[in-house]
Amino acid sequence: MLRYVLSRILSTIPVLFGVTIVVFLLIQLIPGDPAKSILGADATPEAVEELRNNMGLNEPLIVQYGAWLSQLLQGDLGYSYTLHTPIIEELMPRFVNSLILTVASMLICVTLGVILGLISALKKGSFFDKASMGVALIGASMPVFWIALMLMWLFSIKLNIFPVSGMYNMRNPGGFMDLLHHIVLPAFATATVSLAVIARLTRSTVIDILQKDYVNYFHSFGLSKSKINIVHVMRNSLPPIINISGLQVGYIMGGALFSEVVFNWPGIGQALYVAVTSNDYPTIQAGILLIALTFVVVNLVVDLLNVWLSPRLQDSIKAE
Amino acid sequence: MTTKWKQSCKAFLSDKMATTGAIVILFSLILAVFASWIAPYNPNVVAEGSTRLMPPGTEGHILGTDQQGRDILSRVIFGTQTSLISAVIPVIIAAIISVVLGVIAGYYQGFIGNLIMRTMDIFFAFPAVLLAIAIAAILGPGLLNVIIAMVIVRIPYMTRVVYTDTLQESQKEYVEAAKAFGIGDIEIMFKQILPNVLPSLIVYSTTLAGVTIVTVAGLSFIGLGVQPPTADWGRMASDGKKVLMQGYAFVTFIPGIAILILSFSFSMIGDGLRNALDPYERSKAKEKKKISRKTSQHIA
Amino acid sequence: MKEDTLIEVQGLQKVYSGKRSLFTPSKKVTAVKDVSFSIRKGETFGLIGESGSGKTTVGRMILRLIEPTNGSIIYNGQSLRDLSNKEMTSLRKEIQIVFQDSGSAFNPRKTIGAQIAHPLKKFGENQDPQFIHQQVLKMLEVVGLRADFFHRYPHELSGGQRQRAGIARALILKPKFLVLDEPVAALDVSVKAQIINLLIDLQKEFQLTYLFIAHNLDLVAYFCNRVAVLSKGEVIETSSTIDLFNNPKHEMTKKLLSSILTLEGDLGEVYKKRSVI
Amino acid sequence: MNVQSALNTESLLKVEGLSTKIKTPEGVLTVLEDVNLTIEKGEIMAIVGESGSGKSMMINSILQLLPKTLLEAYSGNIEVEGENLFAIGEKKMQEIRGKKISLVAQNAMTSLDPSYRVGKQIVEIMLEKTGLTKEQAKEKALNLLEQMGIDDPKRIFQSYPHQLSGGLRQRVVIAMSLACDPDLIIADEPTSALDPTVQLQVLDLFQTINQQFGTAILMITHDFGVVARIAEKVAVMYAGQIVEKGETADVIFNPTHPYTQSLIKCIPNLDWVFDKGAGKKPLWQIKGEPPNLMNLSQGCRFFNRCHVAKDICQSTNPLLKTVKPYRNEHSVRCVLIGGGNE
C-alpha cells in the first residue's frame, strides 16, 4: 500500500512538469514584444533591448524554460512588474487566506449539497425533490461575482447583518468569531454553484445505488429500510461523492477569485485580479501555477481516499 | 433515422421545461439579430431627456437607466448578441476539435491515445475559469481572445466525454463486425462510432454553452472580453457595483437575471435532450460511469 | 497439411502485457498458451471450454481481430499472419464471424438492412443499388426474416431475430468459413433450437465450414463433428464427437461431460450406465 | 412427498388465483395471470419458463418486493402457513421476509455489497432478524459457510465479494439466504451464470440443504435438466400463466401441454453419439417468439406457436384443469387436453 502511495505521488511528476510547461508557455502568448509592452509605446529601442536581455528573452525558448524552472524549484517565482517585490512574498500570505476561504466554501457546499442530494434521491419525484433540483439548476446558472454582489447588497447594505468587505474588522480585529463573521458571505457566494453541482450529482449517484442488485437483495431479507440506506446506500455512494467534491475544489478556487474581489478578501484571487488589470504577467503566471499545484495535490488526495474506500481498487493495486 | 428522430422530438417537446428553454433561446436569438429594430434606444448613448439611475418602471425606460443614464432594456437586448456568440461559438469549435481528438484517442488507445489524454490531464490541473482568465489576460482584452480562451479551456472536458464513449463503443461487437469485413479505421471511427458518441456530446455541449455564458460574464467582470461601450451583460452587472453601494441594486440585478435566464435555458435544453434520447442512451450513460472514475460533469 | 483441411492453427499464443508501474515490472497475462487444431472443409468443429479458457480469444485471432503473439494460422494454404492488410481484407470475404447476441452486435443507429448491405457496398463486385437491395432481401429470406426487417433498427428485434440478422450479415459476401462465437448462449431454449437448425440448413446450402465456440457440451455434441477441449489456454483433447463422449481421456473432459444435465440425470451417470452395457 | 408435510394440514406456501399487474410507460401490464401453486414443507419445486414468462414476477409477488411506483395491483391470494400475505400488513410481511421465506439471488456478483466483507453481510442479516449476539452470529455464519462446502470458511468470511470465484460467491449467497433458518428459499436461476461444472456442484448443494435442514426450495429455471436433477414438482410457465404442473417425472416423461412437449423436445438428443445406429435427428423447434403481453389476443397464448393448434384454441381461453389418469396431481392449461372446454 505504501508502495502504491509513493508511486501515485511520483506519478504526479509528469503532470506537474506539464503544468510548468503550460504556465511557462502562457507568457509566450503575449502578442508582440513583452519588453515593449511592459515599457510602453514610447520606450527607446535601447531600453527595450536591455530589458529583453535582462528577461533572457534573447535566449532560445528551451533555455528560457530551463532557467525559469530552476528558479522555480528554488522557490523563486520572480518579481512583480508592478510592485517590484518578490512575488512569493506577496502571494504566500494571500495563499493562506485563500485556503481559508476555500475550506469554508467546501464545508458549505459539501454538507449542504450532500444533504440536499440525498433527501432528493430518497424522496425521488416528491415536491421537495423537484423544488430543490430546480433551485440547484438555477444556482448553477449564476455568475459567482453576481451572487456575491447580490448577497452583499442584501445582507450588508440592506440588512446590515454581515460586513461589506475584508477578513477582519479594521478598527478592532477580533479572533475566530470576527473571521467567521467576515467569511460567511464570500464563502456562500463561492459555494453556491458547487453546492448545486454536488446536490445534483449526489442525487443521481444515490438513485443509481438504490437500484443496485445488492440493495434490492438486502430488502428481500426484510431488513429495515433506513438501515439499508445508511449501511449500504450511503457507503457505496461515498466514493463518487468524494470524487465530485474533489473536482469542485478546482471550481471553488476559481470562483473564490470573484468573491475575493467583490468582498475585498486579501487572497490570491484578488492579487490575480490586480495583476490582470495591470498586465503584471509574472504574477499571473505565479498565481496560476500555485493554484494548479494545489489542485494537483487535492486530486492526489481524492484518488488515495478512493483507493482507501474501495476494497476492489486496493486489490487491483496489489495485483499490479 | 426519421422515426427515431421523431420519437426524440416528441419526447423533447413533452418536456415542458426543455421546450420553454428552447423558446427562450429562440426568442433571444431573434432579439440578437433584430436588436437595432427592437431596442427602443441606442444602447451606448444617453437618450435625450433621460437622467442617470432612473428606477425600473419609469415611463419610457421600463427597466430603468444605468449609472450613465443609458436605457437598460436596450442594453440588455443588445447584450444578447455577445452572450450568444460567446456561448455558442467556442463550444462548437471546441466540440469539433474534441471529436477528432477524443475519437482517435478512444479508438486507438495505446501511444496516441495516451499522448492525447495525458496532455488533457495537464489541463485538468488548472481550474478552468482561472486558465481562461490567464489566457485571455495575456492575449489582451477583446471578444475574439475570450473565445480563444474558452475554446482551449473546454477542449479537455469535451475530449474526455468523447474519449470515454468511444472507448466503450469500440469494444462493442458491431465494431468488430466491421473490422471482420476489413472496413477501414477512418470509416469505423467516423461513420460507425461517431453517430453513437455524438448524442451525449450534443447534450454535454448544450449544458456547457450555458456554463460558458456564466464564465464569460466572469471574464467581463474582470475587464476582459468585450470592451465598453458595447453592451455586455457581465460588464453591465459588474459596472453596477459602484452604484450598488449606494443602494441601486437594479443596475446589477437586471443583467444578472438575463445571464441566469439564458444560461438556465441552455441547461434545461441539455436536460431535456438527455431524457429525450432513447432508453438505450440512458443505459449507456450508466455503463460509462463504471468506466470513468472521474465524472466529466464537472462544470467550470 | 492434408488436402481437405480448410484451416490449420499451429501453436497459437496470446500474451497480454499488463500495466507497468514505477516499482514493479509489467506482469504478463497469458490468455492463450498453446492452441493447435485443424478444421476440414465442410465440417463443424467445436471449441469448448469454461469461462477464462481463452476460447473467444482464439476465435478472434483467426479473424485477426486480435493479433496473436505467436503461432500460425494457415487458411487454404495461405498463412494469414503473413498477409498484408490489403491481402487480408480481400480474404475477409471468405472468413466471417457470428457473435453472441448481446444487443451490441449491430450498430444501434443504423437499420438492419443498411448494416447487412454495408459489406456488399464496400466489397461487392456489382455496385448497382437495386442489386444490393435484392441481395439483402434474399439473404433476409434465407435466414427466415421478413422483408420488412430491412428498415428496422436493432433494438426493435428480439434476441432470436437479431441473431438471424447477424447470420445474414456474416453470409452476405458468401464466405466459406464461419466462426460462431457462442451464437445461442444468450437465447431462450425454444429459440436456441431454431438458430441451430438454421445453421445446419445453411451449412448444407452454402457448403460452409464452422468453428463453433461454446461453453457447454450438449449443443456441441449435437452440432459438431469434431471437438477440441480448451482449458486454461491449452487444448487438452481433440477428437471426434463420438470418441470424445464415449472415450474421454482428460480429467477435465470427463468433468465437463458429467456436467451435462439430461432428463434422465446427469450425463456422467447415463454414460456410466452405457459403458457398463 | 415426505411424512412431515402429510401430517401438517397447512401448506407452507399456497398461491391461489394470483394475478399481478404492473404499470409501464405504455400502460398497465398483466404479468401474472391466475397462478396457482402449493409448496409443502421440505419440498423442492421448480418453475420453468423462458424469459418474459413471469418467473421473476412470481418472486416479487410472493415476497411483495415490487416497488409502489411499479405495482398496479395484486389479486388472488398468497398464504404462508395459512396466513394471507395481502392482509397481514407491511410489518408482519417484513417478519416473513428472510425468516420464513428468503431469496437466493440470481447474480451473486452484483447481489453482494462490494464494500463489505461477505461475513459481515451475513452477520448483518442475523443481527437484525434474529436475537443472536454478535459472537453467536459470527459462529453461526462460519458454520453455515462450512456447511456450504466451503473448505476455508474463516478466510471466506473475511473476503470481499470480488475476491471470490463465481461458484464461491454463489455459495455465500446461499449461506446468506439460510441466515435466519427460513422454511422456504426461492432460488432465481441460481446457476445460470455459472460454468457447467460448477453448476452441478451448486445444484447438489441445494439438495443437501433440503435434506439436512428440511428447507423447502422453489427453484426458478429455464433448464429442464436442472428440474430433472433436483425438483419433485414442476410448474411450466408461459406468458404469465402456468400451463402445466405436476410431479417432475410425470411432466418430463409424459408432457401433456404442447408447449411443455416442445420445450422438452428442444433439448438435443445425444443418442447418436452413444448408439452408432441411431443417427442424428433434426432438432425440434418451436416456431416464432413468445407473445407481447401488451397486446394479447383472445384464446390460448401459445396458439401462434403451437404444433397441434386447432380453431377452437384461438377462440377459447384455456383453463388449468386436472388431467387423469396420472397417479399424482397433474394439471394442464390446454383446450385440447382432457376433453377440452366443451
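Going by the order they are written in, the chains are A, B, C and D; count residues from 1 in each one.
Throughout what follows, a contact is a pair of C-beta atoms (placed from the backbone, for glycine too) under 8 Å apart; a residue touches a chain by one contact, two chains touch by 3 or more.
To keep track of the chains, here are their UniProt names: A, B = ABC transporter permease; C, D = ABC transporter ATP-binding protein.
Note that the coordinates shown come from a computational prediction; the quantities given were computed from them, not determined experimentally.
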Tell me which chain's centre, taken as the mean of its C-alpha atoms, is farthest from chain B.
-> D
Looking only at C-beta pairs in contact, point me to the busier pair out of B-C and A-B.
-> A-B
Per the C-alpha centroid definition, the whole-Å distance linking chain B and chain C comes out as 47
Dist(centroid_CA(chain A), centroid_CA(chain B)) in Å evaluates to 21
Separation of mean Cα positions, chain D and chain A [Å, integer] = 54
State, to the nearest whole Å, the distance from the C-alpha centre of chain B to the C-alpha centre of chain D.
-> 53
Where chain C touches two or more other chains, by residue | none
For chain D, jot down the residues that touch at least 2 other chains.
-> none
Residue numbers on chain B that touch chain C, as the complex places them = 1, 4, 172-174, 176-183, 192, 195-196, 278, 280
What part of chain C is in contact with chain D in the complex they form?
-> 50-51, 158, 160-161, 188-194, 196-197, 200, 215-219, 221-223, 241-242, 245-246, 255-256, 258-267, 271, 274
Per the touch rule, the chain D residues reaching chain A in their complex are 63, 65, 69, 93-99, 102-103, 105, 107, 110-116, 124-125, 128-129, 160, 162-163, 176, 179-180
Could you pull out which chain C residues touch chain B in their complex?
-> 60, 63, 65, 88-90, 92, 95-97, 99-100, 102, 104-110, 115, 118-119, 122-123, 153, 155, 169, 173
Of all residues in chain A, those that touch chain B in their complex | 14-16, 18-19, 21-22, 26-27, 29-31, 137-138, 140-146, 149-150, 152-153, 157-158, 164, 193, 197, 201, 208, 240, 243-244, 247-248, 250-251, 253-255, 257-258, 261-262, 272-273, 275-277, 279, 281, 284-285, 287-288, 291-292, 295-296, 299, 306
